[in-house]
Each structure stands twice: as structure tokens, then as C-alpha cells.
Amino acid sequence: RGLRQVAREEIEVQLDLLTADRTGLPDWALASAGGAVVAHSPTHSPPTTGEGAASRLGALRDRLQGWPPMPAGAVHPLASKLLLSPISQPGACLPLVSSSGWVDIRLARPIIPTAVSYQHIPAAVAHDIRSAPRNLTLLGFRGAPPPPAEGHGYSREGSLGGAAGLSGEGSRAGSADVHPDALGASGALLLGHFTYDAHARSSAAVQTFTLARPPARAAAAPGQQPEHAGAAAAPAIDHIRLVVGSNHGHAGYTCLYRLRMHGTPVGPAGNGAPE
Amino acid sequence: RGLRQVAREEIEVQLDLLTADRTGLPDWALASAGGAVVAHSPTHSPPTTGEGAASRLGALRDRLQGWPPMPAGAVHPLASKLLLSPISQPGACLPLVSSSGWVDIRLARPIIPTAVSYQHIPAAVAHDIRSAPRNLTLLGFRGAPPPPAEGHGYSREGSLGGAAGLSGEGSRAGSADVHPDALGASGALLLGHFTYDAHARSSAAVQTFTLARPPARAAAAPGQQPEHAGAAAAPAIDHIRLVVGSNHGHAGYTCLYRLRMHGTPVGPAGNGAPE
Amino acid sequence: RGLRQVAREEIEVQLDLLTADRTGLPDWALASAGGAVVAHSPTHSPPTTGEGAASRLGALRDRLQGWPPMPAGAVHPLASKLLLSPISQPGACLPLVSSSGWVDIRLARPIIPTAVSYQHIPAAVAHDIRSAPRNLTLLGFRGAPPPPAEGHGYSREGSLGGAAGLSGEGSRAGSADVHPDALGASGALLLGHFTYDAHARSSAAVQTFTLARPPARAAAAPGQQPEHAGAAAAPAIDHIRLVVGSNHGHAGYTCLYRLRMHGTPVGPAGNGAPE
């Protein structure tokens, strides 16, 4: 009976996590609560499915489910649903062209950021795990981020590729090997670099990275320590930019499944829907 | 190996529950099986999302996903999907105006009621747990319920507020402190009062309340014992009314995530879709 | 602490399975990755829901959610979503007329087949478990399967009914009691017979059947051993036919919830969407 009790305790801990979005933390980027993708690098267009082609109804469904023709620079009409909602199934991801890219997100309300979670489908069931992101950089903003400096920016050729190796739960923010021009946005707060392990065991597909407090200003010159906002004045943000520096080996596209943003809300609710 | 066996047994019990809708019981209110919301107190209209406003396709999607303009007295077009289907994510709820309200539900088929389950998103991941319902009353009907007596009825000022304290799995039905006029419907069966604990641990977010058998008639005069239908003639119902007497502190609205109705089906299938 | 460690290990094993689609195997029939239902025996039309009838928006939603009027011989517009996607809830199934039938599926890409998984909703929560399939036969094809020999084929009267008893994880392929004409398709590979246990415990609702290697050719004459493709030349398939020989007792229809196809992909990706 002692055994049974210990087993029950351990099970309950895992069940609590499992039934609390696998993080136990509120997600302030959640689409259904008001989070939204407001800009991103170009998305990959897959071949039309047979179903969509077969009928008008199928075509309409295809459009509603995320594969309309995309004018250049437009926001994918299902971007928020694809990236900022629970994963429904393999394939339901935001597919960015090439092995790098970026996404700008408006949060449901202003927060003091504390952590970020990224989730891909587990390697065990993936059809092609190479499209998972690998090196990621997170920037915070007050107000909508300015466009990235060049083209769709943050290319593999950029210095962000050198951010690899700064990874895991204790990711260091404000590393000096990030070239400030690559961030392409004055006023950005560098929230951290992290590496997503696409080959972790399936139960660890949701990976939460603690952000350094206080966040460093990205505008710091190379070689300098970034400015520190004092702990007493830790800045609130209402937008973030996720920069994909590299993926796990797919040259054609990078599939983004789910980003969650954690922190302490400040001020009145912003874009929120009832919940 | 003895340890391992005990652990496996405990895990299997929890996995069976988890994979059986977390209750192990059929849900006769399930929308996909024919259950439907047929009336409710007014719903709260959130601000239009940026996505919906941005394009015609977005606007159509918004409409399909539940936020069309609502004429007074109309049934929210996604009410059944929002309240009588598995919870998809935070925010996907039926948002009733104010801290109280009511919803009338047609069951998939007639049943002898035995239990009811209510589920909210766990406090650990909620953006605002104050919108969770607190004191609930469940009524049963044969045929569609008549409209509530006054306005949108069952207000905080009504005597149902006094039903607090009758709660939990062993909730008593037919308590004398329910004023029959407050029920607003002759022929109603008072199935029970219960209190939803919005601050329970995440794995206990689905809360099942056993109903007293046989259900008491709500039409009993105050101070009298309600009539008892004999056990041999326990009455079948095909509609229920969920009355929200209070919530966990949000003055603006109450979000209803999922109601499940349990019991023994009687007679032929009614509104059922194939399953 | 030894106890706790053992409990944690056992929990982790189950969590890994649970978070890896409950099989730990990629599913090459998955709709979102390019799998598609391309033909099937007639589907059952349920009564229109009250919601659909109540408004134009409701009717549109009904159409999008799978209940449009169906011309004879047409593919149900949501067949792929219903059968080749994660189960969303009871009722979200492909409902074939009668207690037998068949479905042809194009895989996301060519594979050497190794196993197949079928999943129904658990008996504990089902409204009517009799509609679950019972005896199943799986055929493999290169290219689209030819139409079944007669009517909607594979009726209970056919000799496939005699395949019962060959079941479970170690199902034998190429049994001599399958009359080759009943397969109705030259060039078909008989991948196996299996029996779905609809009354298994809820955590075992996903049942995986290992396929015999190498698959036997269905064209073998009765009483003969089927041809064996050499292990060095195990044939790749890109289409399958699921034949339902019988169900668990419902005369009106058989509900198919989810089929997964496992194996080793060969050659370039075919119908795949990004993932």
C-alpha cells in the first residue's frame, strides 16, 4: 500500500502537468485568448490536396484550413491558429520557406516575460523531423516590431547562425556573438537564445526555456554588455519576434507547430476574448 | 518487479480514465451525438479579433468559429459545440453575460439521470479563473423547458444564491432553501445543487456530481419534502437546464466550457447521429 | 526513493506512448500529411441536426463538418478527415451503410508495410458500441485499387466472413480460406486479417496489428500457398483497401473512427504536405 501510494503521487504529478497544457503555465500568446501572428517570413505552399481539387466544397475547406494562395508579404490567414494553438496533428504547422525565418506575434496582453515554450511533434511519429527548428532567438517589443532589416532577414548567412550552443533551460541572454544589425530592430529586448531538441523523447516534446531576468536590450553594440533594465523596472512587452536561425536539416522549409509565451501579466487585459 | 507491477496497475487505471473522456461514462449531452443547446441567457460579445477584421476569409472564419452578431434571444450558433464538446483550448467556451445565467439543453436521447460532470480549464493555465462558474443547479425536463420566469432569470438576487454550501460529489437534491418560483418552470425535476471548485488541481478539473435518486420534483412547496417518484418509476428526462447561481468573481461574464450528462438511456435513440 | 524511481520510469514509458500518437509509430495514412480516402462503400446519412436546419450558417457548418447530401458513388467530402485524423470525439467517424463495407486509401507516400492500427472510441463512453468494426481485412496496392467485384462488395455473405478467428497482433496473412475472387482485385497484396476488440479496456482502444513479412499475393489460388515476394524485394505499396467483414452487431451502419498505416517509406515523398 505504501508502494501504491508512491505510484499514485507520481502519477498525479504527471497528470497535473498533462492536463495543464503540459507546462502548468498560462500561455499569453494563445490565439483563442487574443494572441495573433502579425507578420512572418514567407510561407511554403504545398501542392494542392486531391480533396481540395475535387470539389468546390473541398476547395473552400482547403482555404479555411490554411492553404489559400498567399500574396507576397501577407500574413497567412491561419498563422495564429497554426502556431498559437494546441497542436492538432502532424502537418498542422506554419511552414516557413527555407531553413530559417521569423514570426512576429502580438500577445493577448502585456506581460513581464519569464519563459517560452516551443513544441514540435515527436521524432517518433514525424514523417520528416528535419523540418523542426533548431536554433531560436526570442526578441521582445513594446508595440509592433519594425520589419526586419533586410529581405526576409535572419538568413543562415547572418551572424545568428553563430548563436548555436547557447541552449537549454538556462539559456544566456544578450550573448555578445549576436550582431545587433541582425536583430534589425531598435528597441528590441533580447529575451534569449535557445536550441530545440527535436530528438528528445516524445514526452519531452514541449520544451520550456527560462528567460534571463532582466532582459537585455538588443541594441547594445557588439562586444559591449547589453544594457540592463533594473529589476525594479523589468520592462513589460506586448509583442515578440521568434527568429529561427537554423532547422534540423530540411533545406526547403521549417515547420513551426506551437509557441507558448509565459510571464506575469501587467495592466488591464488587452486583446483578450472572454475566457 | 513487484514494484513495477503495482506502478503499472495504478498507471493503467489512470490511463483508462484519461482515454475514456476522463469520466469513464457516456455523455448523453454530447453535441456530436445529438445533444444541443436550445436556449440560454444572453451571451457576451468579445471585441472582433484582428484576424477577422483583416479579410473576408477571416471574417467568415470568425463567424464559423463562433462570433457572429447575435440578435436578442437567439441561440449562439456554436453554443452546442462550445458547451457540449471536448474542450479544445482556453477561450473556447460559451460566455454568458454577468456572473449568473442559464442554459437549456436537449439530450441526445431520453435518460434516467445519474450524474453530471462540469469541466473548466485548470486554474494553473487560465488567464482569468474568475469567470468559472461556482454554484450550479441542474433541472430535468420531459420536453423543452418553458422560459425562465423573469428576464434572464436566476439572477444573483434570486434565492438560488442561497444554495451555496450544497456541493461536492454527494450533493443533496431537493433542498428546502430553493424557492420553487425561482425555478420558473412547473414540471421541472430538481436534479441537484453543486459547487464547481475552480481551484482544484489540474487533473481534477473534470468534476462529476452524483445525482440523488430518484430526483425530487422542483414544484414541491417551500418547507415541504419534494414528491418522490418511486424508484420503479424513476422519471426519464430528455432536456436539462443548467442554472449558474454565481461564478468565481468575474462581474462581466461567466465562461462555460463543458457540461456532460450521465445516466441510463431509455427507449429508442432520439436525436442521435451515427456513432 | 527506489520506489519513486521505478514509478517514474513506468510513467515515462506510458507518457512517451501517449504523446507519440499512442503507437510510437509514424502514420503514413494521415490526412494532414497527404493520406486520402479515394473510394468507399456507401455512407449512412444521419438526420439533419437541429442546428443545421435552424440557419443558413448552421447548414453551411453542417456541410463543412461532414453531412452534405451525397451523390451515389461519390467520396464523402470529409472522409479523409474523419478516418485518417486523430479522433476528435464520439460521432466523428466515417459511417458506412450496413455491417460491412470497404474503404480505399491513398497513402502519403510509398511504404513497405509493417503494421496497421485501428482505433474506435472506448466501449465505456460509447453510445452504441455495436457499430464498431469487428473482422477486418487489409489489402495493399501499387496504384489505385480497381473497384470491388460486385455491388459494394465484401458483404457478410461473401467468404471473407469466414476469416473470423484470424485475429490479434500476430494475424496470419494469406490464409487459404480467403477466396481470391472475394478480393476483387488482381495485383492486391493480402496484408492480413485481424479482429478489432471493441470491448477492450479504454487505454487499449488503439490496437496495432503486426503484418506478416513479406506480404502474400492475394492472387494465389485457394489451397495454394500464396506467392512470396522475396525479402530482398518486399513490395512497396501506395494504396490500401480496408475491408470490413463484420461489425459488433449494428445492422444499420458501421462507424470507422481511425485507421493508421505503419511501415518503412521508400523513394521520394509523394503526396506529402510540409510537416
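As written, the chains take the letters A, B and C, and residue 1 is the first residue of each chain.
Please note the rule applied: contacts are C-beta pairs under 8 Å (C-beta built on N, C-alpha and C of every residue); 3 or more make two chains touch, one makes a residue touch a chain.
From a predicted model like this one, the values you see are computed outputs, not experimental measurements.
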### Task
Specify, for the interface formed by the sequence copies subunit A and subunit C, whether it is same or different in terms of residue numbers shared by both sides, with half as the dividing line.
different
### Task
Superimpose the Cα atoms of subunit A on the matching ones in subunit B and note the rotation angle, 0 to 180, in steps of 5 degrees.
120
### Query
Can you give the whole-Å distance between the Cα centres of subunit A and subunit C?
35
### Query
Out of subunit A, which residues touch more than one other chain, so two or more?
3, 7, 10-11, 18, 64
#### Entry: Contacting residues of subunit B [partner subunit A, same complex]
2-3, 6-7, 10-11, 14, 18, 44, 46-47, 49-51, 54-55, 57-58, 60-61, 64, 88-93, 95, 121-122, 124-128, 131, 201-203, 205, 252-253, 255
### Query
Across the complex, what residues on subunit C touch subunit A?
3-4, 7-8, 10-12, 15-21, 23-28, 30, 32-34, 36, 38, 63-64, 68, 75, 77, 80, 85-86, 106, 108-109, 265, 269, 271-275
